[in-house]
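Two complexes follow with chain A in common, the first pairing it with chain B and the second with chain C.
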Partner chain A sequence: MNAQLPRSKAAKRLALLEKFSPVLAVLVAMAVASIALIIIGKNPLVVYGTMFYFAFGRMDSIANILYKATPLIFAGIACAVGFRVGLFNIGVEGQYLIGVLCAASVGFAVKGLPVYIHLPLAILAGAAGGALWALVPIWLKLKRGVHEVITTIMLNHTAFLFVQYLVAGPLMDKTGGMGPGGVDLRVRTPALLPTARMPDLHGALGKIGIDFPAGSVNWFLILALLAAVGLWYLLWKTPFGLELRAVGHNPKAAETAGIRSNTVIFRTFLLSGAVAGLAGLSDLLGYFGYLDIDFPRNFGFTGIAVALVGRNSAVGIVLASVLFGFLSRGGMGIQIIERVPMETYYILQGLIILCIVMASEVIRRYARAQQKKEEASPNA
Partner chain B sequence: MAQANAVLAIQGVTKRFPGIVANGDVSFDVLEGEIHAIVGENGAGKSTLVKIVTGLYQPDEGRILFRGRPALFRNPRQAILAGIGIVHQHFMLVSNFTVTENVILGAEPPRRGLIDPKDAATKVRDLSAQYGVKLDPDRRIEDLSVGEQQRVEILKVLYRGAGLIILDEPTAVLVPQETEELFEHLRTLKRQGKTIVFISHKLDEVLRISDRITVLRRGRVVGTVKAADVTRPKLAEMMVGRPVLFDLKRNEAPPGEDRLVVEGLKASTGRRSILADLSFRVRAGEIYGIAGVEGNGQTELAEAIMGLRRVGGGRIHLAGEDITNHPAALVRKRGAAYIPEDRHQRGLVLPMTVWENAVLGAHRLPEFRRGFRLQFPGIYRFVEEGVVKFDVRLTSIQAKAETLSGGNQQKLILVREFRGDPKFIVASQPTRGLDIGATEFVRQQLLNARDQGAAVLLISADLEEIIAVADRIGVIYNGHIQAEFSQDEAEPKTLGLYMTGAKQGSEGGRRAS
Partner chain C sequence: MLSPELLASAIRMSVPIIITAVGAIYSERSGIVNIGLEGMMIVGAFAGAAGGVFLGPFGGILVGMLAGAFMALIHAYASIQFKVDQIVSGTAINILAYGVVRFSAVSIFRAATTTPHVDHLPAITVPLLAGIPWLKPVLTHVSPLVFVAFLLVPLTAWIMNRTVFGLRLRSVGEYPLAAETLGVNVYLMKYAGVIISGALAGLSGAYLSVEHTGMYVEGMTQGLGFIALAAMIFGNWKPGGAMLAGLLFGFAQALSFRAVSEAIPYQFIKMIPYLLTIVVLAGWSRRSRPPAAVGVPYERGEST
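== the complex of A and B ==
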């Protein structure tokens, strides 16, 4: 007979543990990184103290953290959407580069539009570029069964080299009039028109008393937060979100219940690519105003870590992005003040990812073992 | 205290798992030379008890006496050495080895480190002769029928000198003829002085074969009775804890028009043919049962109808429309519902909540959706009502499906599949693993759907179920319907002949393989 099954205390404790395992993992990672610090003769407490103080002690530093977090939120969402449907989109890296390329092209090549058309058009171009770059791998997967990890990795290289080629070739600004003195010939596209540029938050935040310096955080931060809300809404409030999660957990059961798994997978992957296409726009439209050969890289790979640390949830991704922003900013601080090499920051970042992956796996296995124990008993 | 002639005395055995007492103070004796049945529903603690007796689990409390001596085996090997043999429900045989090789495997007669194949074959042959077990020692396992494979398992146990033989649900995989033969063997073994423990939940069989019966319920012994002293209803009541109705309510109404027509269906994986020219039709207001030994194409047939597997030939019509090779979503749109045999893989998305599972597939209907937003009040109302109607016991519809028991998971699937009065229902092994109460409930729901005019295709390995519920019965063998019967002409033995392919099709006598 099946009596009512109240959730046992153990199960509740387990759920709580699972929820906070990233926090635990960060602490463990800091402890392990301390060993490295001690070996190079630094006091971990002092180093961590400096890190916090440097990162949070000044308004412009906080602004910098948020600026660094902005692309990571987009990249994290892009990865999380893929993870939720059971796909490993490693191609966010390539997708955002293509997104940047498309947005930049619209930004400098389309002329004579008012800002309220030009800017949205550039943003849409970025999303479209990302989705386009995601189209090939998902098409190959569904039609030919090619694993998306292989194709997306390959397309990352393709995207990078393609962008380099265009920026250094057909799209290069040969007028040379960009640098001071008019002779500077950098490898970059022509400057984007002012109508395609994203305004920063200096003015808006100044009105409510927050003094972020000009030229740092721009409106893409707000867009990123809206995207996070959108992710939450999509997953938990919409029919498509229900399908996406069902396919992610058990495509066979979803199919049996009358959901077209392949259609859901296809659309989700394109969505992932479209969001990925936004990741580079904060830097492009909000800061540089041109696409050059040294455009920031690795948002895509950090995005995987962000999604992992944030457990594919909207709130988690935002928090994880800020964490990575803090680590990078704080890393700068300890480098300057404590003379700790930048590599230490990479060690810490790597350890955090490692610890979180391990913690979630350990807890998952522990939960499964507990469950098995409970299941083993009523078998007759 | 153990009785003097007890071979096995189980005394106060208790085994707890987190949150549940699998065995609570279990005590009974198995007497020398008897056939002793242990019955109980799924979850009553039968398996746990067997695992304790054979040394797979250690009890938390209590002890076990084997031939008067304390016998707490630390592993199954010790139990075998002591003379306790077990025949598992799922055979543990090497399929490309011969009978002899399987029997001696792990207990090879040593002769200067080598195996003498002739000597071994002779020994196996002698053993089968002694116990009247008909088997050719040189045949390979893969060429044997299920019943014969089970005999190999029994020989294995005898070869190791077991005096006490435990059979765990031995008839679950057998057709009626094979069950008869098994019982013959068991009686022979008993005459030769072996003691047999027979674990089952099929009450008819238990009453037929055993001398005494111990009933377990929720991990505790309800009683040990002589088979001659009890009736089937009495035994069922002991098992369930309340009187059980064996008669399902069924209205006799003439069936309507053809609802599902399957014609000449063919399917294969690789070169192996799975469905071979399979044809049948189910009418509105009728339950069509498909009987057969598992693995004869039943799963594939259900999947082919529901659009989850492509067929290579033939047609499927539902309510007059061709649905051959249509995707599942479309087949469902035409009014089909599906209770899959595999609850965990196909039936439910276990990590998702009860309500999510209950509306999955129907969530885009106007009553559950407004634009881009799920309509939670409508969804929750439907699920709450469904959960009450189908008696799904749960803490909350926000609980994950994986936290429900098997019976409640199955009822949750009913909530989803019976929504909107389906025209046609495929029910694949719908009561597998369910307790008597849930089984009764599920069967009644199928009958009710039929009474309301639905066509039901019932696929079940449980012959009793097919005969009790179906109006017409088709026997499937090697992916082909061998013969059809109406409910009143269906005899288990006749069906059994067709199920094993011993008798060939009445429909034009087609070749089976």
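== the complex of A and C ==
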């Protein structure tokens, strides 16, 4: 839209506005969320101040933010890839659970491999699991015309039940953790072999003078950043990325240009599922080392917010993931210090999504008004 | 397998699906996709129970409806005024609902996932008919909202087909530009459609907490909002069809609660409603006929 007026001042201002609209949206969302804080008798400024101070006050807290951001980068990329092609992958939630399930199975069941084979194999299993779980909804969409939103939601519930069944049944660790009266307290898979575990970043970062505590960030953070670079490369440097974006803009026009839309949509959705399958692996292979029924949830839904705030771009997604990592960490802080429910985090998340999409409409209107003005007086 | 008790349970479980699905018709017919129904049900369930604690069951139901309508107002404002992607906005509503409810539960009751127990509405036993053995479980001690749900179906059919409001609502979802040229206030109609759907989703949530369980429990909606949306699609955007689909899904729900089998683990039985929803949509979607302009933002006073 603003490509038509590349040199005008208004266009420059517009581009700047567009770039910073996510920041604006986050601020507006925080202002709106203040209402809830005021209702329960808290001073929003104090609460947000605590949030900030708690989250950034200490090195281990910053490490925790990056740890929380890691799965969100994968989930955000998965959603963004879908958005770019015009699909709404709300099934990241189920896809990463299945991914975690597959990776865990490879991690404890396959024995005798060296780490440089076992670990990549577990990661690949995660991606394959995610892609597999994305196969059904996209097949149903293309072959039977079923909207992907309802099928993926249904499959999210199904995935959770399926994982629950396996973890509490066939895959349960029967070897230990007996509580009083012989009741098994540990509803989880056997521990993953050390060869399938992702090493900590503690050592490597220590060498360059960053003192993150052990057991916080692991190498999945680096993989996540590489995945973000991969997203950028795929979208802007490969023919497939061009096709993907073309289909996302207008499938019919892309078809006229000789692109087989359905094939592109199919492959993109599987790719989205495969990346989604990686989202839970930082927690599984880098932290817990087993899969239990309390495995972290909601990465998929936060991923939607991440993709929207990050405007489906690689840099944006990384920044947005850090933002949500900060909000989540800060949420813990305000719960401990200010006794404000940490669920403020989810209120903020919902509001940020709304504000960000509303902000882009406001900018669109502003741009149109500017355009009209310029058309009216060409010398401006 | 098919006992009167199972039938009664199926009807009880179909009630929230039918109410929400019928509500969804108002929104979709006005051209707005409402994927936030799940969130509106969650808010309705919590607000219903919370209202029930302080105001009694009638007050609770009313508060639940108002809360659902309020969430719908946000969705309407974003998708009508700001023309944002309706699916994105609906998803935001669902996340927001989760946060708002937990926040409120902690703030009011000091417990994140439940409310205290609440009384239910006075139950109704249908005279005479309840004497028939086969109908006894179905018609004894029934929540009044069960009757409300089944009355909503013909009422909605009448509103859609026989009233000026219904005609205008549908015209806005089919061809908003034509409707506007004929003097219909397109935005107003869309607002009305979305808010009615939210109020009904809130009612359905309040039914779950106040009438069905006697308290709010986190996760009690279990995707029913989405299943209701599927029921509406399967019912071809018509109240009668939505009711039949709602009964089918309600039956699957009841089965998943009641069926106990040694051979099949309960998690698989619990999957039945979700898998059935997928199968039904897979078999049906090609033949379904959504309103022509559903999901398309309407720009007032512009012809493009």
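The rule we apply is simple: the second predicted complex is superposed on the first by the 343 of 380 C-alpha atoms of A that agree within 3 Å, B and C clash if a C-alpha of one lies under 4 Å from a C-alpha of the other, contacts with A are read in each partner's own complex, and residues count from 1 in each chain.
The rule we apply is simple: contacts are C-beta pairs under 8 Å (C-beta built on N, C-alpha and C of every residue); 3 or more make two chains touch, one makes a residue touch a chain.
In this text the structure is predicted, and so the values were computed from the model without any measurement.
Colleague: Is A:250 contacted by the first partner chain B, the second partner chain C, both or neither?
Modeller: A:250: touches chain B, not chain C.
Colleague: Touching A:214, do we find chain B (first), chain C (second), both, or neither?
Modeller: neither
Colleague: Does the superposition put A:315 against chain B (first), chain C (second), both, or neither?
Modeller: neither
Colleague: Taking the superposition on A as described, I'd like to know which of chain B and chain C A:147 touches: first, second, both or neither.
Modeller: A:147 sits against chain C, while chain B stays out of touch.
Colleague: Return first, second, both or neither, reflecting whether A:369 touches chain B, chain C, both chains, or no partner chain.
Modeller: After superposing on A, A:369 lies clear of both chain B and chain C.
Colleague: Just to be sure I read the superposition right, which of the two partners does A:353 touch: chain B = first, chain C = second, or both, or neither?
Modeller: It touches chain C, and chain B stays clear.
Colleague: What is the contact status of A:259 with respect to chain B (first) and chain C (second): first, second, both, or neither?
Modeller: In the superposed model, A:259 contacts chain B only, not chain C.
Colleague: Using the superposition described at the top, determine whether chain B or chain C touches more residues of chain A.
Modeller: Larger number of chain A residues touched: C.
Colleague: Intersection of chain A residues contacting chain B with those contacting chain C?
Modeller: On chain A, the chain B and chain C contacts do not overlap at all.
Colleague: In the complex of these two chains, what residues of chain B are touching chain A?
Modeller: Checking each residue of chain B against chain A gives 15-20, 22, 40-48, 201, 216, 218, 240-241, 306, 308, 327-329, 332-333, 338, 340, 345-352, 356, 359-364, 368-369, 372-374, 393-395, 399, 403-408, 416, 435, 437-438.
Colleague: List the residues on chain A that touch chain C in their complex, please.
Modeller: Against chain C, chain A makes touches at 36, 39-40, 88, 90, 136, 140, 144-147, 149-151, 153-155, 157-158, 161-162, 164-165, 169, 301, 304-305, 308, 341, 343-351, 353-354, 357-358, 360-362.
Colleague: For the complex, give me every residue of chain A touching chain B.
Modeller: It comes out as residues 1-8, 10, 237-240, 242-243, 245-246, 249-250, 252-260, 370, 373-374, 376-380.
Colleague: If we count contacts the way the header does, which residues on chain C are in touch with chain A in the complex?
Modeller: Listed in rising order, the residues are 35, 74, 78, 82-85, 87-89, 91-100, 102-103, 106-107, 112, 222-223, 226-227, 229-230, 233, 265, 267-268, 270-271, 274-275, 277-278, 281-283, 285-286.
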